[in-house]
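Following are the structures in question.
Shared between the two complexes below is chain A, which has chain B as its partner in the first and chain C in the second.
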Partner chain A sequence: MELLCIRQWISGLLPTWLSAWCIKPVGGALVRQEPEYILLALMGSPLKKIMLCSSEKEIFSVEEQVMVQHSVIINNMIEDGSYNHEESKIPLDCVDSKTLKKVIDYCTHHTHHHNDNQEDLEAWDAQFLNVDSNGLYDLLMAANYLEIRNLLDLIYGTIKNMIKGKKIDEIRRIFNIKDHGFTPEEEEQNRKEYPHFY
Partner chain B sequence: MDHRSINAGPAKQLNWLDLPNDLTLMIIEKLTTFQILTSVQFVCRKWWRICMDPLMWRTINMCNIGIRNSVDYKLEKMCRHAIDRSCGQLVDISIEYFGTDDLLKYIIDSGCHKLQRLRLVQCFHGISDKGLCEMAEKLPLLEELDITLCLEVSSIALEAIGRRCPLLKSFKYNNNAGGNKEAFVIAQNMSNLRHLQLFKNYLDNSGLSAILDGCPHLESLDLRLCCHVKLEGKLRTRCDEQLKDLRDPDAPCDDFQFWGLCFETAYDDEVFDYENEKRAQKQEAQKRETRRINSGSSTGKKNNVKSKSKKKR
Partner chain C sequence: MDSPCDSVIGDRDLLTEILLRLPVKQVIQCKCVCKKWSSLISNTKFPYSHTCRLYHKYNNNPPPTALLVQNFADTKAQRASIVPLHANDNNDNKMFFHLDLDGCNYRSSIMHSCNGLLLWNVIPTSQPGPTSEDSRACHFRIHNPAMSDDQCVYLDYPVGDVDSPYGDDIFEPFELKAYLVFEPLKQPLSYKVILFGQMNPSVIYYGRRVGFKVLNPRIEIRLYSSETCGWSEVICNLPDGLRVTEGVYCNGAIHWFRLDHDNSVYFDTNRLCFDKLPAVPSVDDSCVKYFGECRGRLHLILSDTLEFDIWELEEDYSSWVARYRVNLNRMHDGESALWWNVSSNPFSVLSFVHRQEEEEENSMLVLFKNGKIMSYSLEDYGLRVLCKVYRDEVPRSIHQYFETLLCVGNS
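What follows is the complex of A and B.
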């Protein structure tokens, strides 16, 4: 509660033109940020934690700044005031505990290690996405729901590499597509036209 | 969007067909046009339908497919399919080897007047001034144009493009030909240029001065292997002042994609390879047709099939 009052007080003191200069990364893009938040961060306000609740009703506590930087959805919830630090937890019914933990790992690592060199980050990302295709699917849905742009792009790239250069039958195996949905005549015609790709 | 609760049970086999369409589109979009048209769209009906979405065809890239594939597969037919699917929303198209005037006309006739970026690479003798002039009439939004090794394109086309495409900001003309005539045409007609590449062009200092005069917004200029340009004295100073990024005539060429293939002394090999392969394919097809016709009448002739040399790129 007290944070809101401090915020309003500071915002009253700052000139309006300052807000044009205040931007921060959110979900991989840069968005306008109220100057009072930046000032508080600069003043070294205690690391605020938020509670995320998975579909299995497990609670995860994570630094607010970490999630706000990466997830557009969580950032919006906190900014529009619908999240009360004292009481609330953010329910994420679409994300199970295992996936949520991974998402939190990703966001935390990228916030704390954003100054690392590119190669190290890429190596960490590759290791992070070394999961089976079920896990990848769940991560994709979670990242999409939470709107975490850089994680989404990473996953798209990984899936694209799983498809690239593979023959059609193999792609069907990898993605467990048992019924392709084409009529037998269509399938036959397609195979005739591009036999080398099946 | 589908917000089903996802429980990762230990032995559950997920069917990726359940992935929402917008996410599937984001993934497929990252693959090349060639991959989409030969494999991805045939994986399942759902992906086929997604591959029919005009959103996926705003960019068509048919470069870097390789000579072998370019000859073996009907790339022009594939490209026309892709253009059809864009439903006039085409914004960016790159064509290598199989570009022809007819294809350019097809792009225009399909209503793709929003084209902003056009790359025509190694089309050798397929594209002429006439084709480009007619195309330029209908491309008022063109911003980037790359003409590399389209040997029949001259200053006539450049003038038409300059006149009809006032928004042109980036132009590459790498034909291992052209000189002051082309430079003057660029200077007079492409005044909005920010980026210009004239790899191995034969312009000299007067052509360069004309360009600097006529293109006041020019930021980057690539003059590698322009052996008649002597960058010294006032001209050098002027370049340094006006331009943010200048590649000297003797700057290293290793990051120019076509350097090793075409612009060295043996560049004719690339044309030779492609045209040779095409000719061999055509002869092969004709022989097959003759055999098919004769198979009913005469006794089986011994098939004397000449083996083609398959030189991979």
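What follows is the complex of A and C.
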């Protein structure tokens, strides 16, 4: 039976309060560990984990399989052998802890729930992206850096919906564009030619 | 430190990715948002990347977003009404397309719409005065109406019969049909204009010694290619009995359908020759109710009743297949069922727009009756009025249109 199935089977058996107790120190930081991992570690068959280090020097431990499936950058690092499981961690200096945790959440959910039906996944995605706009842009930059295709498509789709049906003044407000850079004549010309955009 | 928002839109690659995913109308809107966005969009690579993405999404055949209907009786207005095909497009649109012309001295009409570009025919109605700057003879104009009018190609009419002693007269057929061949995915951008002219019979007198030459009524074909920047005459075998009537352009060929004598032909603009279309399996009491094109396929409706089939020509031109069954007795306006008043004028079919299963919108027929243009959904039988023209005669000049970012300028 595949390791992933064992893990899911165990997690199904355990009560949820148990996860609150499963904390272990890793690399000088405290990391929340899902109980099934601890059990598996106790059983002597740990799943391969990798360490990601945020810009705030916080370490996150995550299943290698999860990150390799979603992030092209991490997949390449592991394949070309530049990552050593025993000691090294992957430094992600342009991603802060809050964003990195969200990214890991996304990848983990999509790996573990990839057999779910489309509607459930979409509902989860919608809930996942229910963040303020700064959080959204941070996620976009992180997903771009890590090259996570499906998260990128999801965020671009959300931004597209933010712009849809809006007038130009609203779009300028949404993107914090204070100075549009057109001369008064150019702005006048635009307003004359496309009055329905304003 | 920059806010995350500033970092994202300050990054050229990320901003490009965001803009590439927007529909064309929104990209044009974003051109007006700020100078930086405008220069990114006008950069030569962006329109092409955007077009490639859009075409890829629709399997190289994007659906039309509107129909262009010319108001012929309204000669002063000289414009084409834009009839949006979908409800959510109604509020933020221009109402008309027209050229910026001195209306008193010129008459203009749309000859053809191809992949977002329009081909206009511009004819002076009187002798242009010596002082008018825009004093040109008959010519064609090609432009992208969604973008500003700066980039517009002017094409003078080709020269007439070079053997005629009237020398430099322009090509002046009795009946003229013109088509624009524009394939946007080819780089570098190029286009062709094909003219079919029904020439008058005429007699040319060469002088007492030589005598007369009689030119019979005939069809002449002229081709303009943007690659050669010149007109040429196309010499090929013409099918018997070919008349210059409104043809249907599809996939690089112009098609004419005739029910009698198995006489349906098409002209291939690459091979520059005529070929035959396959015959339709014969139906009783058939008449050509509709012959048109949508998204790279030809469609035909042969029956005048309320229940009929829509025939589609196979991609390899091997045969016609009855692809859709339409029953106009089943229709509703969203609230209650509707019935045709069959004793009055029959309806006319202006267009058939088909959508694939994956797409959100339904396949629809665009019908005209009693001065109203309506869309009838083939999936949910809903009838929706698109626009009212307040005229009883069927609009003759209908063109399918969708916006594009690409422009062909005078280079």
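Note that in this section the second predicted complex is superposed on the first by the 152 of 198 C-alpha atoms of A that agree within 3 Å, B and C clash if a C-alpha of one lies under 4 Å from a C-alpha of the other, contacts with A are read in each partner's own complex, and residues count from 1 in each chain.
Following the convention adopted for this analysis, contacts are C-beta pairs under 8 Å (C-beta built on N, C-alpha and C of every residue); 3 or more make two chains touch, one makes a residue touch a chain.
All of these numbers come straight from a predicted model, not from anything done at the bench.
When both complexes are superposed on chain A, chain B and chain C occupy overlapping space and clash.
By the document's definition of touching, of the two partners only chain B reaches A:98; chain C does not. In the superposition on chain A, contact is made by A:133 with both chain B and chain C.
When both complexes are overlaid on chain A, the residue A:77 reaches neither chain B nor chain C. In the superposition on chain A, contact of A:55 is made with chain B only, not with chain C. When the shared chain is aligned, chain B comes close enough to touch A:145, but chain C does not. On chain A, the surface touched by chain B in one complex and the surface touched by chain C in the other have residues 133-135, 137-138, 140-141, 144, 152, 156-157, 159-160, 163-165, 168, 171-172, 175-177, 179-182, 190, 194, 197-198 in common. Those residues of chain B whose C-beta lies close enough to touch chain A in the complex are 1, 3-8, 12-17, 19-20, 23, 26-27, 30-31, 35, 38-40, 42-46, 48, 73. Remark: chain C residues 3-9, 11, 14, 17-18, 21-22, 26, 28-30, 32-36, 38, 91-94, 148 touch chain A in the complex.
Taken in their complex, chain A has these residues touching chain C: 133-138, 140-141, 144, 152, 156-157, 159-160, 163-165, 168, 171-172, 175-177, 179-182, 186, 190, 193-194, 196-198.
The touching residues of chain A, counted against chain B in their complex, run 55, 93-96, 98-99, 133-135, 137-138, 140-141, 144-145, 152, 156-157, 159-160, 163-168, 171-172, 175-182, 190, 194, 197-198.
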